[in-house]
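Before any comments, here is the structure.
Lettered A, B, C, D, E and F in written order, each chain numbered from 1.
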């Protein structure tokens, strides 16, 4: 048991990772469900009304976690993709492909909820300021990554080509993050700064953090299930998959 | 209750955001599970066919 | 010099070959056989480093060609199905540019001589686009005359050539091997070169036969 | 090292000269696009002046995007790209040479032509100068970024759309800041902020473009 | 006879489906061009409404012009065009099949997409209808006329510019009457005159296009 | 059937040949020789009507092929340097479309059979783009099996084919001639087909020789 936990390297092969992914996926699925339900309850019934923006500010509880996740997932995805490119490990590339759609979903949600917030706050659904523009670019980078991989038949070429695109796009992430500081734009600055204290009502802060962790668990759950599907597709000609399927292995 | 849904005049915006977020975040896991299951089924069929062939 | 171990290749769902191994030393010539679609072109491109093998390793002087990178390609000339010449440039221009990039710049005179030797007298300064199939192939092959790379990888070099050119090319290849060079080539044509003291490698014996 | 760079540069320029009108394709597209608008929209000078920076920059972006197809495709088709990969030269240097040649043929003419076209739209001398300057900074960035997309999609089904999808998100900032600088000048505001951003993008593109394109080419040639 | 026509039509549509995204290349170009303008020009609705018909029509014209390159080039390069010339079928019929397939892939999507893009520019329902109608009459005419140019310049050095130079003079009237009809509707005037001229151009193009292209192809194949 | 008189061709500044004349009747095979660049391809394309001769005339059954137009092309199959197949379509689709346009529609089953006969079993429904050089050539040549045109004009049909395929193709050509068909072909390869009772025509004896 203990040797199994220690030997992380072992999990870099799809054979060993497949069952682990199943368990991880299930667990984080439950965690995500619980955290998000709690988070939703708090955002509507516990968190106080904002003195400036009234009830409209509650959008923050999806907008901000979604925006963070969209950036975070991108960095993780690019990391896996880069690892696949350099070390030629199949599993890391599969992880990258598994993360992309979820990242795109969060990027879309940050745009969508941002627009639904912007209309009452700024009076416009959309403006071309630095943060919004770079967030839109992030969304298109996800789409480009997926479209590129989808149009390449040879899986290894798809992995490698996608990795290059993902790595080039990493430049965009710090730009999004710091855009509000570098240019004074319409968009709000970060209320919660890395390392620094928060300038926010603690209940609001906790609600947001709970939602964020819920989204986080959600992303892990979905990515794990997706990576299982990808592993099965890519490794379908190997004996271990055939054996697994023969055994009817529910993993 | 009605007051709650009105969200102090921001109903459209708040529910437009939360609604879309919830719908998409409910749809994605379903789609992914469906994808895994259909891959699994396809492989099971291939394995079955192969074992019949070799028989 | 060139060592291949445990090489395997997948294309689409097909495993073209696996566990392929051979060794080639100075002065040796390897003739790669196999029917259409058996994977000869794929193997040659892999030996050049253009395609990554699914498994196995290719070594040049003991080191993996992936690690060597440009130190390997410096010793290599590859002539494939495609001629790799620009139709808008003349034979001389094509030859001079490609040899400069190969790291062996040649003078204008040298280029004219090489083209004349390969049988393109009077056609050296036409854009290669207007040349006949065989003449275009000759322009591509002229690189062999001005290059002193050690390893030649030739994918059906005799295609489209007339008899005189086939004879000349065989002489050039023999000369190169005699001077200690390594040559790997495929050809479906019967040429005297591939008989005699030549290593042979057959690909894809196990393929489905579909002939009448 | 430098000799290799210039060999590639000379080669690509020579090819363009041989095909003569490749030199003009992008330029003609640019001129046509910019000139058709007065035909489609009507000749009111006020409207035209208003939309001029946008029209010129959009046209330049489209022209650059369309030209990308020709950056590697011909070399790919006739097998010379494969040969470039097999030369003992650093591939990113060769790629940089190709990109520079490409920009000299497709980008530079736009920069030079822009002021003449701007006259049609009744722009002031100052605005024309700014237009040229932004294009001079912006078009090389477009070529460098675009090269990555072109290399990644080489030989793929429907490369055209894919290139657009991949490079547009990265092109849009260039467009926004480029057109923004000219508009700021037209309306009498300072354009330094926009310009320095354009410059930063160019530098970044110069660092990343050749490297990433070279890697992408290796992947695409498999 | 009809069977041959449909074989060619089916063949070309099949090819497009196989390359999937070829279907979208022209459409994406059109959408991008139309959508970039608000980015470059700024979001004032009044300006946008004013320039909408022009922008959409110019974009459609450019999209059609750029798509021409793909009408015969691929068949020329792989030798299938040569084989088409050697079939015992009337060449202009084959060419008509190819043009129809080409229009269905490059023209029809524009017609269907135009109203959605028009919404961005705040056009009225009536104006949107007229926009679609003019495009429905105009884009086939562009494809038919363009085919002649494409056939004439096949395999020539710098085909791109040459095509542009050859077909633009014939395209411009279509643009002027097409955009004119929409503008007339926007400003509440009747558009019948413009429309009937567009119709006449379409009929003429239908009569001349396939015949002239077929002749041009024979010349170009030598 | 096919009569050629006083044919002359100029390309660029060169007169490739002039005063060329020959006749070919039912069941005859003509082998066109000549070194690279002597004008074989040019002549064949001219016989198809793709290139207009500078002088001279080509007649089919007594009438000029220009006047016959589609009545001549109906009797003709031409396979040139380029395969004339679409890389995005499968072998079966390519074959069915080209034969429909040639005026001999074939059923799906017939197409599969023809491809199998020519040695493409298992590759019939791959896009031809992924096939090897020789396999692509085979797809093009499969047209000969389903077509009943009388005149076959084949420009280096054996290029890129392996030995089995060369043998098969020779048998097919012999069969066609035996059934009264006319065949004109060029090839630089030594094949048994071009020996024996075959008409020979040599082009460009007068060309400058430039060999080592």
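Simple rule for what comes next: a residue touches a chain if its C-beta (ideal position, glycine included) is under 8 Å from a C-beta of that chain, and two chains touch if they have at least 3 such contacts.
All values reported here derive from a predicted model rather than from experimental measurement.
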What survives as touching clusters without chain C is one piece
Note whether the interface between chain C and chain F is symmetric in residue numbering, meaning over half of all numbers used appear on both sides, and answer same or different. same
Can you check how far apart chain D and chain F are, centre to centre, with Cα atoms defining each centre and the answer in Å? 45
Using CA atom averages as chain centres, what separation in Å is found between chain B and chain F? 57
Centroid spacing, where centroids are CA-atom means, of chain B and chain C in whole angstrom: 53
So, in whole Å, the Cα centroid of chain A is separated from that of chain F by 59
By residue number and range, which residues of chain A touch two or more other chains? 128, 151, 156
Numbers and ranges of chain B residues touching at least 2 other chains: none
Do you know which chain E residues sit against two or more other chains? 18-21, 39, 157
Sites on chain C touched by chain D in the complex: 48-52, 70-71, 73-74, 76, 78, 80-89, 93, 97-98, 100-103, 127
Could you pull out which chain A residues touch chain B in their complex? 29, 36, 40, 44, 49, 54-56, 58-59, 62-63, 66, 101-102, 105, 108-109, 112-113, 116-117, 119-120, 218, 221-222, 225-226, 228-229, 232-233, 236, 241-242, 245-246, 248
In the complex with chain D, residue positions of chain E that touch it: 18-25, 28-29, 32-33, 36-37, 39-42, 47, 50-51, 53-55, 57-58, 61-62, 66, 157-158, 160-162, 164-165, 168, 172, 175-176, 179, 183
Listed in rising order, chain D residues that touch chain A in their complex are 148, 152-153, 156-158, 162, 165-166, 168-170, 172-173, 176, 193, 204, 208, 212, 215-216, 219-220, 222
Help me check something: in the complex, which residues belonging to chain A touch chain D? 128, 133-134, 136-137, 140-141, 143-144, 147-148, 151-152, 154, 156-157, 160-161, 164-165, 167-168, 171, 183
